[in-house]
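Okay, got some structures for you below.
Both complexes below contain chain A, partnered by chain B and then by chain C.
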Partner chain A sequence: MSIIDNINKLFDHRIRLGIMSILMVNEKVNFKRLKELLEVTDGNLASHIKALEKSEYIVVEKSFIDRKPNTQYGATKLGRAAFKKHIEALENIIKRQMK
Partner chain B sequence: MSIIDNINKLFDHRIRLGIMSILMVNEKVNFKRLKELLEVTDGNLASHIKALEKSEYIVVEKSFIDRKPNTQYGATKLGRAAFKKHIEALENIIKRQMK
Partner chain C sequence: MQKDYFKDLSEIKDLMNKSSRFISLSGLSGILAGSYALIGAGIAYLYILPSDVTIDHSANDSMIIYYLIVDLILIAALSIFSAIILTIKRAKSNEEKIWDATTQRLLLNFLIPLVAGGIYILIQAYQQNYSLSPALMLIFYGLALVNASKFTIGNVKYLGYSELILGLICAAFSGYGLYFWALGFGVLHIVYGALMLREEKRQ
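The block that comes next holds the complex of A and B.
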């Protein structure tokens, strides 16, 4: 087994790491807030959200507030489990540095 | 400042993370050994080595052992500093999960 075995390819991008990190500690976050927190462009954020949605790591919830569309995102059970495993794998790599 | 600001784009790949992680704790490692440790193909490893070499995070040292070519890799000072910063950024993301 290699040291990078449990590093999830789907999280091999800082923006995806950021999205998941935010959704692990906040149940629902809307697009605008994610954008502000990560300081990324609309297109960039949208493409990474799509990838995470496709793999069923996050879910999209569309609703209206004062007749304005409000799209919220949340991490799925699958996504939470996958991210935890990824974080554990990163922790193992970090521990190697401290020996 | 965003939580992903110090995540280095150049390390946004599990194989690069693996290469750097190995070179942080071993002064010199040859291609064959890196390949074994990371369980990746020649082409895949070579392309990520090239990217890290281009950004001067690793150096290549070519020599001969018993007339056979022996190519070794090592992390540069710049690479070590960049990887440390990246690891610190990952640690911050991990810490957020534990609150």
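The block that comes next holds the complex of A and C.
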């Protein structure tokens, strides 16, 4: 088995990797905050969130604050494990190339 | 190829830091808070507290407590006010947002031990148990700092540990409360502020 197998295709994109990085250290983050941190447009962010949601790496929680919709995102156990594996793979590749 | 993965890792780190850590308080606000505390402690020593403990002061005990509380509130208000002003000023020049989810979590984590401790100290004071108040203030303030330090950059954690240890020592040596209080809230803040200021200048 090659190390490349552990590289997660889903994380091979700057924004998806970014979303996951933020959710690893924050229990719950809302859409607006993600947008602020990643500096992306609504549509762009939404499509990447969808992709992560579909793979069950993140969960979506919809609620209302003062009757305004407030959608929060969080990483699932599966997502956390996948992200960790991906980081380890990145580190391994870099280590190999340094040799 | 290699460069890309390096970039990935550094971006991950950057986002993790940016999303979870609040900009730290400036060194100057630490120095100011420490100075207010020293001045306040000086006022308490010179004008409020009885100079000779052997004389019976029970008659004006409640007045002394009243003045001490006013003194404390003034120190706290001035410290908070300067910290807010300096933080806003710095955030503006760095084009950072101040009131976001991270700040709210920082404040919440800071306030939980502090408010619980404050209420406990007041309950004890109401029952005329003042002797441990300085120690308890240091201990709960230290716990609040350690608790909040998870959301900040810098060495707030070590300031918290120092306050905590000082508070415990203070509890063991009753009668020297004011000195320990001045050391913890005055000197430690100034030392911490000076160290932070040096670091800020270096950057």
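Everything below uses one rule, namely that the second predicted complex is superposed on the first by the 99 of 99 C-alpha atoms of A that agree within 3 Å, B and C clash if a C-alpha of one lies under 4 Å from a C-alpha of the other, contacts with A are read in each partner's own complex, and residues count from 1 in each chain.
One rule holds in what follows: contacts are C-beta pairs under 8 Å (C-beta built on N, C-alpha and C of every residue); 3 or more make two chains touch, one makes a residue touch a chain.
Note that the coordinates shown come from a computational prediction; the quantities given were computed from them, not determined experimentally.
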Discussion item. Quick check on the superposition: with chain A as the shared anchor, is it clash or fit for chain B versus chain C?
Written reply: clash
Discussion item. A:24 in the overlay: touching chain B, chain C, both, or neither? Say first, second, both or neither.
Written reply: both
Item to complete: Could you look at A:65 and tell me whether it touches chain B, chain C, both or neither (first, second, both, neither)?
Response: neither
Practice prompt. Applying the touch criterion given at the start, work out whether A:14 contacts chain B, chain C, both or neither, answering first, second, both or neither.
Written response: both
Fill in: More chain A residues in contact [chain B versus chain C]
B
Worksheet item: A:33 contacts which: chain B (first), chain C (second), both, neither?
Response: second
Item to complete: Would you sort A:97 into first (chain B), second (chain C), both or neither based on which partner it touches?
Response: both
Response to the item:
Stretch of chain C hitting chain B after superposition, from 6-14, 24-32 or 186-194, is 6-14
Item to complete: Please write out, lowest number first, the residues of chain A touched by both chain B and chain C across the two complexes.
Response: 14, 17-18, 21-22, 24-25, 37-38, 87, 90-91, 93-94, 97
Worksheet item: Touching chain A in the complex: which residues of chain B?
Response: 2-5, 7, 9, 12-15, 17-18, 21-22, 24-25, 37-40, 84, 87, 90-91, 93-94, 96-97, 99
Fill in: Complex interface listing, chain C residues touching chain A
1-2, 5-6, 8-9, 11-12, 15-16, 18-20, 97, 100-101
Worksheet item: In the complex of these two chains, what residues of chain A are touching chain C?
Response: 14, 17-18, 21-22, 24-26, 29-30, 33, 36-38, 87, 90-91, 93-94, 97
